[in-house]
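Letters are used for the chains, namely A, B and C, taken in the order the chains are written, and counting of residues starts over at 1 for each.
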Amino acid sequence: MRAVARRLYNSIRALPIISPHGHTDPRWFAHNAPFSDPVSLLLTPDHYITRMLYSQGLSLEELGVVPLTGAASGAALDPRTLWRKFAAHYHLFRGTPTRLWLDWVLSAVFETEAPLSAANADRTYDRIAEHLARDAFRPRALFERFGIEVLATTESPLDDLAHHAAIRSSGWQGRIISAYRPDPVVDPQAPGFAAGLARLGELTGEDTSSWRGYLAAHRQRRAFFKQMGATSTDHGHATANTADLSEREAESLFGRVLGAARNGAAESADAELFRAQMLTEMARMSLDDGLVLQIHPGCWRNHNASLYERFGPNVGADIPLRTDYVGALRPLLNRFGNERSLTLIVFTLDESTYSRELAPLAGHYPALKLGPAWWFHDSPEGLMRFREQTTETAGFYNTVGFNDDTRAFFSIPARHDVARRIDCAFLARLVAEHRLPEDEAVEVARDLAYNLPKQAYKL
Amino acid sequence: MRAVARRLYNSIRALPIISPHGHTDPRWFAHNAPFSDPVSLLLTPDHYITRMLYSQGLSLEELGVVPLTGAASGAALDPRTLWRKFAAHYHLFRGTPTRLWLDWVLSAVFETEAPLSAANADRTYDRIAEHLARDAFRPRALFERFGIEVLATTESPLDDLAHHAAIRSSGWQGRIISAYRPDPVVDPQAPGFAAGLARLGELTGEDTSSWRGYLAAHRQRRAFFKQMGATSTDHGHATANTADLSEREAESLFGRVLGAARNGAAESADAELFRAQMLTEMARMSLDDGLVLQIHPGCWRNHNASLYERFGPNVGADIPLRTDYVGALRPLLNRFGNERSLTLIVFTLDESTYSRELAPLAGHYPALKLGPAWWFHDSPEGLMRFREQTTETAGFYNTVGFNDDTRAFFSIPARHDVARRIDCAFLARLVAEHRLPEDEAVEVARDLAYNLPKQAYKL
Amino acid sequence: MRAVARRLYNSIRALPIISPHGHTDPRWFAHNAPFSDPVSLLLTPDHYITRMLYSQGLSLEELGVVPLTGAASGAALDPRTLWRKFAAHYHLFRGTPTRLWLDWVLSAVFETEAPLSAANADRTYDRIAEHLARDAFRPRALFERFGIEVLATTESPLDDLAHHAAIRSSGWQGRIISAYRPDPVVDPQAPGFAAGLARLGELTGEDTSSWRGYLAAHRQRRAFFKQMGATSTDHGHATANTADLSEREAESLFGRVLGAARNGAAESADAELFRAQMLTEMARMSLDDGLVLQIHPGCWRNHNASLYERFGPNVGADIPLRTDYVGALRPLLNRFGNERSLTLIVFTLDESTYSRELAPLAGHYPALKLGPAWWFHDSPEGLMRFREQTTETAGFYNTVGFNDDTRAFFSIPARHDVARRIDCAFLARLVAEHRLPEDEAVEVARDLAYNLPKQAYKL
């Protein structure tokens, strides 16, 4: 079985990377400035890392995360000190994918010692810093060295995509595209929702205080994103709820949530219904403009109230929720699920839905595809559970290959490599058990690593 | 470990097949006419196949599924064209159990090429058609060749079991029995519920507009089914809810649901309560007549509304639901769960309940046994999850062996073979880890494959 | 991989046993009297065993379990007869952890034949009885032979801990400590709640009919338990709900539940809220006195009503429930989850929460740690699922090693041995897949087996 897995893996390991969904910073590729230092590159912005260190008693301030108000203590912010602290706690990551990715970044990208340890902290720090100063470690050079064929970032409709424009006009051939993530102007409970709608009106010349103008503004921004290379939208709601209201009901609902938001008091049931309705509206627009619709539901954002007050979002305090799909997606699916020209990619943080809900839904509705194991679950074990629990019912061809979904640019090749290894291990098992001939497994391995993400995301 | 698994498997591979629950057509065995053509035999009626092809953009019409109204387009219905289309999409089934079963049917039953491909579509079609014309491929001959000792079909109380009677009076020795599936006359929300009750009254001479007469009619039909070989009843509700009302409450509830059904408006809470109460009534009757009670809950039938309107039920749009058993079964279990003479076999489409709810319940209540991995979950992975997540708490002897639960007659041996292989693989692991001596594993393998289904279903 | 696993296991197999949570009887070690007979030692009190035998049609009376009222039938209570009955049904335990533990107890502790069988029932009975009469099989001698470094029992605040006092004053060096389990005086729906509060008042001299006096009484008993060696409290609620009421609200709630309990009618919503609030109160006290707080939620106790009436609790009719943690724990976590000096260990019977809720929560909150696979899930498969589904997100260092949680004293070494083997198997996989160097795996193996439970439980 191992020999088969190795053969399969060798047949695909060098394929270009398709990264159809993620959160890297387009500024890097627009400016192509060197990355500054090991800590602000690898440690502070990675909430996988800060989360784990925080759980074991380090404070976020110690880790260089800057509070929203008040000055951070100067001493703690010395990068070398932070790096040493990190190195001294590297054992906490044993068995986690973070450890895998970091070992790879240290050894394969920076050609330094791995694993990190208190003993080699200063040496590795110096080595990384040294490399970062070299041209070969600037963003564009690494993009090419990593073999990335296309990389999608994620932006709000209020973003002017200036970095994307700069990349396109720079003459550099690297393909960096955006994705349309309208949560800030779709979620009535998002901070600054009303102001966001006003801004959306300015950007588009539409009257975003009316339902029709609001929808027209979305259409216009989607067209702009598409022009800048985007092939998809993305929606991060707490639930997978969808709705299919009449136009009159939707218009009235819009009036209520906007009024409430202006008064600073978004009513919860209305807000949830509005988000639900907007997924169906987005699907309707996707039928027109062809953008692929992604839904990333099921997370309680900012679960730790006091930390959220002090540091804001994205500090590792987002916790997955039990998520329903069967009832939740039905309004949208009953409206558009039979459309062959729509692509709706659904993700989950609730693995109990893989075999029970998502694979059966994707194995039936033409519009629906399954996004890969996500966030907490893109570990070797999690990726394997995804294949083991979805393939029997949805097959391989209702899935869409791997998403790294990361802001950690340096880890992208390692993440794709892990996904490729696990897929090959799963396929090798099918071959070993005489469930699939090896020549077909080779084809599937290539489809999962390369063809399916290109097709599903229209890249 | 593999050597142990092989020894275990070789010790049971040739055992007769016990198929205590399924959906084959008794007409086949009554008439013993040749099957008509490859497509109407293997493709169109198999919703595992049409579901997957539909999910990848083929229309049901293209696949030969006939809409409820309006003529189907003649061209699409040419079987050879359909077969070619199927062959061209055979890669979609990679990694699914459908692929395993079909490969086996092609190679072992029809001795033709597997896997199917665009290249061999015509050859395989001809080969199958050729075989189907031969006496050796008539239903009864295959029944014998497949080594089936007993095969249960599933019929409504309104069925006259004429085919079963014909089989019994034909002199043929194959044991084909029915199972009592009263959903159409138990579910107030089933289409034609009121008419069904009237018909039930005609069949039995009971006054089925009264609670007592209705129950008496069930008792009579159960007796008739039992006389025609049935040893079990089966109930396919959306939930596992049971109730234990007083006779007066039950009588009043019956009046309400019947009244509502006659007015075409079954009230949802009443309907659910009525189905719940009827499970307990059926258990009560089972204590008298000894029929084994099966519950198959947890599916949202006909999730795709527009498809249901056009094609009716069973087109692959049934989606599993999160299912509660602990509270739901309690009324029934508290009434009859301690009865040693009752056999209640519970199935699930929600695998998260295996270790949490079902194994603990079956590992305690004398009446309760666990049905095998079902429907979406009778894949190699799903069958293994069943053993891994139930054995620790329920052991092997609170399970009942394998059910194929299929209408695909030709796949029955393949399905049982997969189940036997997986059970042997699981047992081999126990042997390899010194958790069970091999001689005991041999005994368990035989029990799972043969003795337990016979005992549990009283066959 | 097996060779690595073996090396890892050999490096830790002889480490002392840390048993930080369980239900053995302190009287055994206080009196150090010989255990009486094989049946009352190994069979009757073990609800894993009686549960399984009951599920397969044996009555509890036949198994020697004594009904609450009425005399037990004399004949059935002859231990040798019971042992023979047990032996004749030993096959029911194949594949269960009970079988593993019992085989080990028979062969390693009693040096007799395993597996048990009808054929050797008399011989094994005699052999065990013979051994039990010897000094080497008295409780203290076995404690030492088993290599137990520390063993925690569990007592109510109303317990005087006389056995613990006797152990301490006996001069024997074995470390037996208590744990504070206040459910009887925290759960308003527990039988005798009001009387328990009165008794708590007598024991402490506090006015336990007032909220302040009630809390002060808890503080006093906790201090007493701590003085007698306790390092932890334990709470077995049906849900994981917590609350964070104002003092005034809590005081008023206490008045309501106490009033209702005195009238014999604890109101359900109030009772639940009171239990929820008390978890937060206990956390507050833990911040002062340093006791580790354990929560064991998610079980429907005494699901079988008629059995409960006849035999009382703990006869194997407790059934796990779907359990929410994300919303349920938030009030407590938002109040105290960021405290580094608090240790809150959470367990589950709902394995679907491992990857979805518990690992993400423990991988973030400094106060929170994950208890090991528990009760129905401390089988080899269950222990492996725990590692596979929590390590990726929580790592190893947010877990706390193994708990045997048992009243079956003789099985303690076997249970720890199984846990050690599984952890080593999991680590060996990481080593084989080049995810962890073997020297680090050795360190982790030792941490899981010995260091983490000592640290987490402050032993």
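Rule of thumb we're sticking to: a contact is a pair of C-beta atoms (placed from the backbone, for glycine too) under 8 Å apart; a residue touches a chain by one contact, two chains touch by 3 or more.
These figures come from a predicted structure and were not determined experimentally.
Homomeric contact chain B/chain C is classed as different-residue, with under half of its interface positions used by both copies. Annotation, chain A versus chain C: rotation angle of 120 degrees from the Cα superposition, expressed as a multiple of 5. Averaged C-alpha coordinates put the centre of chain B at 40 Å from the centre of chain C.
Counting partners per residue, chain C has 352 as the residues that reach two or more other chains.
Touching chain C in their complex are the following residues of chain A: 51-52, 54-57, 91-97, 99-100, 115, 300, 303-307, 316-322, 349-352, 376-377, 379-382. On chain B, the positions that touch chain C within their shared complex are 324, 326-327, 330, 333-334, 337-338, 340, 352, 355-357, 359-366, 368, 388-389, 391-398, 430, 433, 435-437, 440, 443-444.
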